[in-house]
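Look at the two complexes coming up: chain A is in both, with chain B in one and chain C in the other.
And then the complex of A and B:
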């Protein structure tokens, strides 16, 4: 049945504070290049990439968003229908790390995610190419946060030197695909889900 | 006002400024004759160091009281804000206090504009040795600043001076002559200047015309220098005051990471001096407008002013886009910064709801664009809907950055001739019609595309790489026609 369908589209959104390297990560992943000359993103930029995941052809559509807080009210327009959300911080910027959780919470609210516990996030600590003494967030600290937020996959990358970018986006793609397929499933069997929920309620009332 | 005009009619407009104008004491009817002005003069006569005797009072407007009034009444807020320099300036402080304060200024250099200007305007009050050296210094300056127009000092003092030495552009001089005529017409008619400038302003007089159209440079020659001097002085004083206080880290961080990302493809913006200037301008604006603060994109809006005002002083064969302002005299940089700051403020005042919480101005403009497209290009609107494209996905940036991300800077500057001629509605109402005309230009291509290709195409700025001024003018004319049409239609419905 699924072979007859249109090519699967995976919608991915990249969030994080201004200047952590969201645009650079996306450019490195899609075009394999790095530039110091990116202008600040306004609203959100869009780039697609065709991928093959375990023999399945998919198109990943990435929305690279603006990091400034003022633009957050725009979220709804860009967050809706996402299959995976990438949370980026800068390992040399403590504030950007502390904001990872609020970016996640903001996303869950604005995207109106039905099942927040199972929605796929991937956390990326970028700019690991800097000298060791400039780094302010240790791997350990970051891993602890990710464990806390529900065992989120965590990658440390350098968009500048193309370190770990492929690997991170491979997990993004796989998790997005899984999410997309689970949504299709639940769309097809909406009734079944409802019955399940009703049953639970009935059970708790019986106590 | 009549009084002013009478005085004016006896002067040759555009003639080189005469020191006598400033020494003329009959200014009692102008707002510039506030206590601070007199206190400067009295300070000067008693001391050989003409320091500015003004300071900022910590009025509630300055420190954020404005935000309370801004939400409900934008108009009041804007006017309030634009005029608040007057409130701040009319509070003179004693010379003793001023001297003390100066010790704590981070950079005494920042204050030098005043020494210089006042020194030049009132040579009799300058220290003796400075007077003796004046002749020599002027000669040196010629060789020190070979890239500046020979009369740049006159132009700094009175931007109208550009008309006295300016050679009309080669080729068709009709437009140039018409604009100059409108600029110097007595009594001055703003509508006439707007009309003549709408179709584009020759680069040689663009800076002056923009400043006049925005109401920053006075057309009245008897007050022009004083007002301008006062605005620049206020800028310097504000700046000094501002950097004495602890910085707002959130705003400062955002500005400092955006400065290197501002017009990175143009060399001018990669130079240290340019970057420090823009940084100061943006930070001062943000602190003085707490309801919005600094919002990304405002940095883009700063660049046309900075570049055009800088260009004003450069000889015709100097390319402003590659010019490093490091070599400029400090007081000239200060003047360019101050003029940029005030003109940017004028424009942002008309679009301030673009940058406040939830950006209601932009949301409104995007909705207006959607409605226009539905009426003008119903097929395209339907196609967008079928493909699941929301206008906000591509036009948010058009509004937030005034199409500056979609067109190259020289074309934006041409566009601003028209926007500024439409001031104060050019940057809000008219801009929506321009965006509509812009979108219509690509209607045929878009109709053949699916969601993904459309978003990529709309976001890709290279589609206008081959555009020239004719393309922009066509877009502006089309926007004008649609605006006239719809404005009449709405009036009819009322």
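And then the complex of A and C:
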């Protein structure tokens, strides 16, 4: 373990249409519980979680954003410095699926990503706990889209019943770490990293 | 109680005026609607004042404000003040509208924002049982949709107002809760959005963005240690205060305290919310300073305590330079102050 240096911060941003379950996914991953959602997110919101990835301690900072396009004017501040972007849709909502690509494009523009082809995205189809007949987007259809967008990893989750959430965020974390490490040696190293978490709290592994 | 609610609902279908700017009308409304209440309830001085004839509106208004400051509107246990809707209508100087007009907006059917509204309405104050007992999801949807219809239909070329933005549902909630009829709530809501905080509901939320900048500028001024601590954790007001600015503090429960805070905001100006937000942050400053992840404390502010927040705010308002205070006053409605706020922001940054 590389204990004599600053703990790595991974910034992960969750995007997707309003009501697809972004806040619930974040809550489920961080607190391990589902709360029937209290409110629509206004602006953005973030929660930290300490993780160990292959013996390396990191703090994942998950940013949850408002789904409504009105808030995109705020995007720059929220998107900048992201190490991974999670695109969420609701398997019972066709429109939210159709918008996955535009959320990705929006992110690439707003976050000013230098190497868009290699930036890590993870796609999540949420709400698979619903009855089969309410489901409108098949796995096949979703996988086709992800292949088309550049072989993006795809997960189907239920934030409500804690299905696959852990697994999805594990891939998110690994991809984010990889992205972060690739940036450390590049010129694009910006204000994305040297934030948060004082350098003296190594002992706490929050997994 | 049920019976009383039915009465007021029926009255909303008749052709009576739903709100008022003239005291004559107010007198009529207050006395007709509260006939059931009148028997069992002694009127306090504010209510008697509302029903009395007033000749000079401006001086009467300031008298009303002063009463609210000194006495506050009464609370009967869980019940909110029965005449609060009249007080708010007067303070916001909401013009009366015909119920038929509201009905025509409802009859227009779904606005372009309907799906978004439908998707947010049911999440409004979901954890608050008192609220959902009194305000139905359908009512919230109808009013928000009628407002969106009005903006889309009547001002199709006015791109300065957004038909719907997340957070409007929260702004409507306290109004819907205290109103005795649906058109009345619509009228107050419309007045608040289009005249009192029009810059908050522009398509790019410019007033809200100015609001959060002001929170940063003033927090730095009154508590630079806390400001710098938050800044070092990358926490600007844009991240933690945006919901509180946009919703005039209504996003922080409990609702009973929000109502009291709004009494004050409508009396002395909604711009004061900027100071209220700073107070809410300062009230937990020790915890924030000690925390490695202050955002976990700021995601949801501690339970609102209106009196405490107002009191603390009043203690540092005096320290705000006049030109800055002027920007705070104007930021909710004046489109011309963007540059001035940015300038203030930059000067502040250079100073620190």
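Note that in this section the second predicted complex is superposed on the first by the 181 of 207 C-alpha atoms of A that agree within 3 Å, B and C clash if a C-alpha of one lies under 4 Å from a C-alpha of the other, contacts with A are read in each partner's own complex, and residues count from 1 in each chain.
The rule we apply is simple: contacts are C-beta pairs under 8 Å (C-beta built on N, C-alpha and C of every residue); 3 or more make two chains touch, one makes a residue touch a chain.
Just so it is clear, the model here is predicted, and its values are computed rather than measured.
Asker: So, A:44: does it touch chain B (first), chain C (second), both, or neither?
Answerer: After superposing on A, A:44 lies in contact with both chain B and chain C.
Asker: Regarding the shared-chain residue A:34, is it in contact with chain B (first), chain C (second), both, or neither?
Answerer: Neither: A:34 stays clear of chain B and chain C.
Asker: On the A-aligned overlay, A:77 touches which partner chain: chain B = first, chain C = second, or both, or neither?
Answerer: Both: A:77 reaches chain B and chain C.
Asker: Looking at A:66 after the superposition, I want to know if it touches chain B, chain C, both of them or none. Which is it: first, second, both, neither?
Answerer: both
Asker: When the two structures are overlaid on chain A, which partner does A:18 contact: first (chain B), second (chain C), both, or neither?
Answerer: After superposition on chain A, A:18 lies in contact with both partners, chain B and chain C.
Asker: Residues on chain A in contact with chain B in one complex and with chain C in the other?
Answerer: In the superposed arrangement, which is not itself an observed complex, chain A uses residues 18-19, 36-40, 42-48, 66, 68, 70-71, 73-74, 77-78 for both chain B and chain C.
Asker: In the complex formed with chain B, which residues of chain A make contact?
Answerer: The touching residues are 18-19, 36-40, 42-48, 59, 61, 66, 68, 70-71, 73-74, 77-78.
Asker: Would you pull the chain C residues touching chain A in the complex into a rising list?
Answerer: 116, 119-120, 123-127, 162, 165-167, 169-170, 203-205, 209, 233-234, 236, 238-239, 242-243, 246-247, 251, 292-293, 295-296, 299
Asker: Provide the residue numbers of chain A that touch chain C in the complex, in ascending order.
Answerer: For chain A paired with chain C, touching residues are 18-19, 36-48, 66-68, 70-71, 73-74, 77-78, 195-198, 201.
Asker: Inside the complex, what are the residues of chain B that reach chain A?
Answerer: 254, 257-258, 260-262, 264-265, 292-293, 295-297, 299, 355, 357-359, 390, 392-393, 396-397, 400-401, 405, 452, 455-456, 459
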